[in-house]
Amino acid sequence: MTPQSKPKSKPRRYGMVIDVDRCTGCGGCMTACAAENNVAPSDSRATARTGLTPMLVHRVTREGRTAFLPVTCMQCENETPCVTVCPQQAVELDKATGIVTQMPQRCFGCRYCMTACAYHARYFNWWDPVWPPGMERTLNPGVAVRMRGVVEKCNFCHGRLHEAEDKAAAEGLASVNPADYRPVCVEACPTRAITFGDLNEPASEVSLAAKGPEAFRLLARLGTEPKIYYSSKREWVRDLAERGPVERREARRG
Amino acid sequence: MASSALTDSRWIARGIDRSAAGPFALWLTPWFVLLALGVYAAWRCLYYGLGETNMDNRFAFGLWIFLDLAIIALGAGAFFTGFLVYLMRIKELKAVLNSAVVLGFICYSGAVAVLAIDVGQPMRAWFTFWHPNTHSMLTEVTFCISLYLAVLAFEYVPLVLKNRRLRKTTSFLVFEHHMHIVVPVLAAVGTLLSFFHQGSLGGLYGVLRGRPFAFREGFSIWPTTFFLFILSAIAVGPSFLILTTRLVEKITGKKLVPRTVFEKLGFISGLLLALYVAAKSVDTLIWLNVTSPAAGFAPWEHYAYRPYGLWLMAAEIGLFGLLPAALLLYRKTRERGVWLLTGAALACCGVMLNRFVLTVQTLALPTLAFDEFMQYMPNWQEVATFGGVVAYGVILYSISYRYLPLFPKERELAAESREEVNHVSER
Amino acid sequence: MLRPLLLFLAGLAAAQIAGWYGFPRVLYTTHAQPFEYRHKTHAVKSGSTECDGCHTLRPDGVFAGLPNTESCAACHPEAQGTTKAEATFVKDFVTTEKEVPWLVRARQPANVRFSHAIHTKRAALKCERCHGRDGETDTVRPYQQNRISGYSRDIWGQSISRLRRAPNEGMKMDDCESCHKERGFVTGCLGCHR
Amino acid sequence: MSKTRRDILALGGGLAAGIVFTPVPWKILDDASIWTQNWPWIPQPVKGPVEWKESACTMCPAGCGLKVKMAGGYVVGLSGKDGALCALGYGAHQMNFHPRRLRVVYRDGRPSTWEAAEAAFRKACEEGPVAVVDGRPSRSVSRAYQAWAAATKGMSYFVARAPEEAALVPLARLAGAPVEELAYDLEKTKLVLSLNAPLLEGWGGPQRVQRLWPELKIVQAESAKSRTGDCAWQRVSIRPGSEAALAMAVAYVLIDEKLAPATSPRPPKTAADHARDAGVELNTVLEIARALAANRPAVVIGREPEPAVAALNILLGAVGATGGVVRRGPVSGAFQSMDEMPTGLRAAILDSTVPHDHQPSGDAERFRFTAWRGEDEKGWLLPAPGFLEENPDGAGDALLKPPEGVRTLAAFLGVEVKAIESRPVAAERPLTCRLAAWPQPASSASPPADWTGPWTPAVLPPLSGKLYQESALFPAPEKGLLA
Amino acid sequence: MFPNVSGFHYTFGHVLFLSLFGLVIVTIAAAILLAMWKTRRDLRGNHTENLRWHTEFDDLPLDERCCRHELAGRVEARVCPNAFDCRDCRQYPQFAALPTHAPEHAFGLDYPPNRLYHRGHAWVERESDDVVRVGLDDLASRMVGNPDSIELPAPGTHVEANGTGWRMEKNGHEFRVLSPIDGDVLETGGRAEGWYLRLRVPHGDNQARHLLHGPEVSGWLMRELERLQIELAPAGAAPSLADGGTIVDGLMDQLPQADWDAVLGRTFIDA
């Protein structure tokens, strides 16, 4: 091994804190995500249940109050359901970055991981991707286009991570300069509701925000240790972390 | 007429009467039509992608997986009868063994065929063998099922070679003879494999900690559903054999298997079913009081959504569990053909309901506090594809029944009945 | 009993010949390069034997790949020598300002992410490690394409069995991985796939 | 079994057994799966070095600054130069290839030719009068239009005002200032009373209020549920078309409670009556009024031009005050809005920056330059350069080469465009205005009850709203996830 | 899955999984190969005829496998354990010693006592001490009547007891007649001659021990006739075939509608 190859970059744990109180549900993150990650315009036969929305903003209303929760892959860290169930190692928890990576070219489309995901954050390519003639020239070269019959999800804009790594390598840096890498949804949020960074850095903005009193995680009690945190000053929003008692929901449904 | 070259009488074993070629072809025709339809639907799914089906991102598994699980459970009769005959040495079950093997082969090959369409990229299926993730239940399933299918095929071979015409070829005859000698080994291996994949099919859902409705704690890597699936599968396997055999008897109007064998099967089925119900009840209690709350889900909320109410659980344990168990265990009912059949039918429905609940209800229930309960209805492509598999099964079974000795006792039973007739005519 | 045995063996042999000798020839199609190119000559003439003399790395770490016609035209505004190849180049590409449609044997598919920067700068690998001694050749090998997968033959490597192949032969994932293992740089899927 | 059959079996068996020990089955298996990973019919991104350019977004009048990611001569990604773009902006580069992209001349929905269009326009000019309508008057090209219009007989220059600007017209009249010079000083505002104004849905530029929103208190009085209402500090639902009523009710209370100058003229009816007209409780009105008073600087924003709103702002003292409506300028000059077009125009020729929902009044023959076809367009549709296919300023070169058969309005008119060297800096100027009598309320139109659409596309060619829906945002147009 | 394949790690899981998988495959393969190898061996050494007979014997219903001594009434009930081959039956002597009670009665059929009978309805008559004649017994020949074709082994071929003796065809039904005894064909006859084969049989006293004679024959005939009666009843055979009435010659032509395929199969023990 050559000296240049040292020092090895120390493992990172990329994560997010989404300030629900700042989300206006404008959907910028969703289109930005689709454009960045070469998600094709949805098929004419597609429905809200068969579309590809690696980043999906849920509109939640309770007793007239409204909140918008952007939901994406939670990058679970413990017993990552999708990783453990995939029969052919098409999903893995990347040791270097803590990103749960979905490899469409290894995936054979059994969709077991989708049934395993509690957040419905995984999407299946029910059709071949089709762009209007010529529009394929607007595809982002940093991300491979998925074919039909495979599962895809948020990989934290790995294309941008690669660019940042190349840059770091060219500059002779051991690891990525934090300023060079952030997923497009973070950048696309007009209210800067999303904080992104390395949770292994105790001083990083994201680590601090994640430790904040208003921070919470969705379905944390499943014990999968998601790396996407939410925060809100509103208590009823924080209640959305877990499913409340039956009665309350009964009332809400009825 | 027997002598005319048109008929296939030379392929049909001596002394057992089968309908003439014409009617047989007539019987097969509708099934071939259904098969053709199924093939067309399957082709659409492969060619245009799975958007052809009604599955969606929430219902990533649909009708196909549900029915696969169901028929594989029902097909368990194959390995279990083999196990009983060769390892438990219950010789009288030989009367249904051949039929069981064919049924098993049909169920498994059918299931595998549907799976090949169900996955989005069949051509990459072999990745599972090349880069297996040993932590995945699906890996276990894939390995065991593919191997067991091979075993079933090998168990099928001697059966085929027993055909009247083929056995005229000396080498076939001899090979059949020796295959017959090694079949117990295959049966043993088959038992091992089936044990594991029936289990891991259950494990498939038990490990989903993201789906508290299905998630179960367990022993080492295996959740309790692993063991429940094995138990339920071997419990209904024999029942399914009873049903199918009686059905064949009804259709052909022949006695194929001694009544005692049915009762034996019924008893075994009932016994295991009782065991299963007991185990399942305990498991359910633990799940309701420990596992589900620990995951942050109020125990009863899983049943708070119509139509999947508590009645499902009640039906699973009571109507399709205790009742058939009782019917099959209690001698008087067991010996009454009607009750025997009812019991067997209920048992089979029970296991199907169980597989349905685990596959469909699991996905229908919301997990996030702000997502909602969803419904799913298969479309014609899905139904037709599976119909094709059913047709394939019927066709293969009919042909096997016609040309192969599925029921070794048939000849004797026929002779007996002939004697009876004769006595009557004498009196 | 002997006759069938012999026939069986005959079949066995036939299969071996067809599989090992015939199959590779059927599997790949061969395409000639646009015109003859001599790395050696250029190295001598330009006096630079370093690959990155022409195959440069851009500051943002992206590998520029093959030099474009413009940069070649710097030395070849018109034919310098007498070779037919050069004449073709000047006539068809320099004057028309078209890029040469080289058939790149080492091209990886779109789902592969390979950073020359990381490998040549951080890991300080020599180009030869993967590309062999192409820089010293007197000719460019024709491009062989797999009929089924559409890959360049160099991805699989020349030897159909992939046994006993040169260290730089083969650019399949396993090749990348084994090299990474040797150097203790085990990356996840994300490291090399996009 | 016959001898030949046995021979065939033996040979076949040998072949079958032998092939297993050759690369054939295994290599084919491998290559077949690799084939599925690179299906020829799956589009591949363009090859070529990536480089970043700068430009401005032309999808809506806000004109956000862009960083443009380009590869192989195509735009392959966008990001905001200062702050984020909107949901539409991030997909804007795909719009050039939208199925509804206009590539040939259309007349009354039927394909036609440039020659025919030119002939028709020449004829119209002879018969006159003709109007040139511009969407963004501050560009260099606008200057060229103005000059040309001034120099040509029977030719006049109009601008299409963005709705939020149009809403200020009544105030401008009262204040006697050109509406172009008026602006909301929202960056310093503490509370906004919005009357059906879609503040968070692209109002005043897609991201303007978004950015302020976390610190800005919004009281959303709306007659149709909107996302702004969802995110507002307070949501008040009012009867459609009763913006004026609410404004007057609030004004009445302000005066009553001595929260406004006592000398101010009172609205025609009592607070209670106005509240009833608006369909809200009286004490809701009280709360609103007190909130306005308590959170100064506060301002009232109407969706439509509404004198009552202007009057209320004057009472509030929000006119000419920090965080209210301020006057900036001088701008290049006061323009006539196309809403004030005289009747009897022979023809109107519209620049591609004119939103499709702006139609010239009367039966003037219509020549509209646009990059995309709307639903049904009367008159002439003339294919214009699409996104980044012309310089946002109209002068200088563009990042993308426009397709064949596409022309700019400037080229069509044959005016030559000079880049403006220096633009006047917009300096604060005093703005004073007092209310003599309570103005006659206009019959303000409220948004339809089912109005859910984002504002940004609403001011754009209709199809962009469509594309917005087609984008991954709403896989099923009818089942909008946010709707 | 295998070492050096991407994704393989030397973890307990992988190794265990791999070895289990391998073990199972090996077991299956071993079983199949064993069967193939044995097949090959049997095909080499030619006791295939014998093997065929054994498999067919195993398929026979129990009541058709009854021991000759049961037929003779020496024992109450006994199922033959070694495929009607008394030559190497250990218990044969002690059973043969027992007294018999069965009446000798030929039911109007011609069963000369100087002949030995095989369960496949062939008889053996000794010419000299190493030459025998073999023919079709009365019941069988009456049943068949005039066969459409006969396929006899060429002189010099070796036939085996319970192996194929010769083949016949009648009304489209072809069936084989089991050879009652080991021997080499000297000459072939036909229906006209009244015998079908002349065989040179090896020396040895118990060469013919497995053949029926005396009371066994009548007991056996009794059962055969009963069986026939039952089988032919649907086709309208005389009800009292067993008692008194005899079988007309060419029964197959008389009752064409009967299921002769089955009847022949059981008569000549041909699966």
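Letters are used for the chains, namely A, B, C, D and E, taken in the order the chains are written, and counting of residues starts over at 1 for each.
Assume a residue touches a chain if its C-beta (ideal position, glycine included) is under 8 Å from a C-beta of that chain, and two chains touch if they have at least 3 such contacts.
Computed from a predicted model, the values in this text were never measured in an experiment.
**Student:** When every step has to jump to a touching chain, what is the lowest number of steps that links subunit D to subunit E?
**Tutor:** 2
**Student:** Among the chains, which is located farthest from subunit B on the basis of C-alpha centroids?
**Tutor:** Result for the farthest chain: D.
**Student:** With centres defined as the mean of C-alpha atoms, identify the chain lying farthest from subunit A.
**Tutor:** Chain E.
**Student:** If you tally contacting C-beta pairs, which pair wins, C-D or A-D?
**Tutor:** A-D
**Student:** So, what's the distance in Å between the C-alpha centres of subunit E and subunit B?
**Tutor:** Whole-Å distance between the two chain centres: 39.
**Student:** Centroid of subunit C to centroid of subunit E, CA atoms only: how many Å?
**Tutor:** Here subunit C and subunit E have centroids separated by 73 Å.
**Student:** Would you mind pulling out the distance in Å between where the CA atoms of subunit A average out and where those of subunit E do?
**Tutor:** From the centre of subunit A to the centre of subunit E is 77 Å.
**Student:** Report, in whole Å, the distance between the mean C-alpha point of subunit B and the mean C-alpha point of subunit D.
**Tutor:** Averaging C-alpha atoms per chain gives centres 61 Å apart.
**Student:** Which positions in subunit B are in touch with at least two other chains?
**Tutor:** 121, 124, 127, 130-133, 135, 139, 171
**Student:** In subunit C, what residues contact two or more other chains?
**Tutor:** 58, 60, 62, 110-111
**Student:** Where does subunit D touch two or more other chains at once, residue-wise?
**Tutor:** 32, 35-37, 44-45, 50
**Student:** Touching residues of subunit B toward subunit A in the complex: what are they?
**Tutor:** 48-51, 55-61, 118-122, 124-125, 127-128, 130-133, 135-139, 142, 204, 207-212, 294-298, 300-301, 304, 362-363, 366-371, 374
**Student:** If you look only at subunit D, which of its residues touch subunit A in the complex?
**Tutor:** It is residues 36-37, 39, 41-48, 50, 69, 71-72, 74-80, 83-91, 93-94, 96-99, 200-201, 206-207, 210-211, 213-214, 227, 230-231, 235, 454, 468, 470-476, 479, 481-482 of subunit D that touch subunit A.
**Student:** Give the list of subunit E residues in touch with subunit B in this complex.
**Tutor:** Touch list, subunit E to subunit B: 1, 5-8, 11, 13-14, 17, 21, 24-25, 27-28, 31-32, 34-36, 38-39, 42-43, 48, 51-52, 55, 59, 61-62, 171-173, 229-231, 233-234, 239, 259-262, 264-266, 270-271.
**Student:** Can you check the complex and tell me which residues of subunit C touch subunit A?
**Tutor:** Interface residues on the subunit C side: 57-62, 110-111, 113, 115, 117-118, 121-124, 183-185, 187-191, 193-194.
**Student:** Going by the contact rule set out above, which residues of subunit A touch subunit B in the complex?
**Tutor:** Residues in contact with subunit B: 43, 45-47, 49-51, 58, 60, 69, 71, 79, 81, 84-90, 106-112, 114-120, 122-128, 148-151, 218-219, 221-224, 239-246, 249-250.
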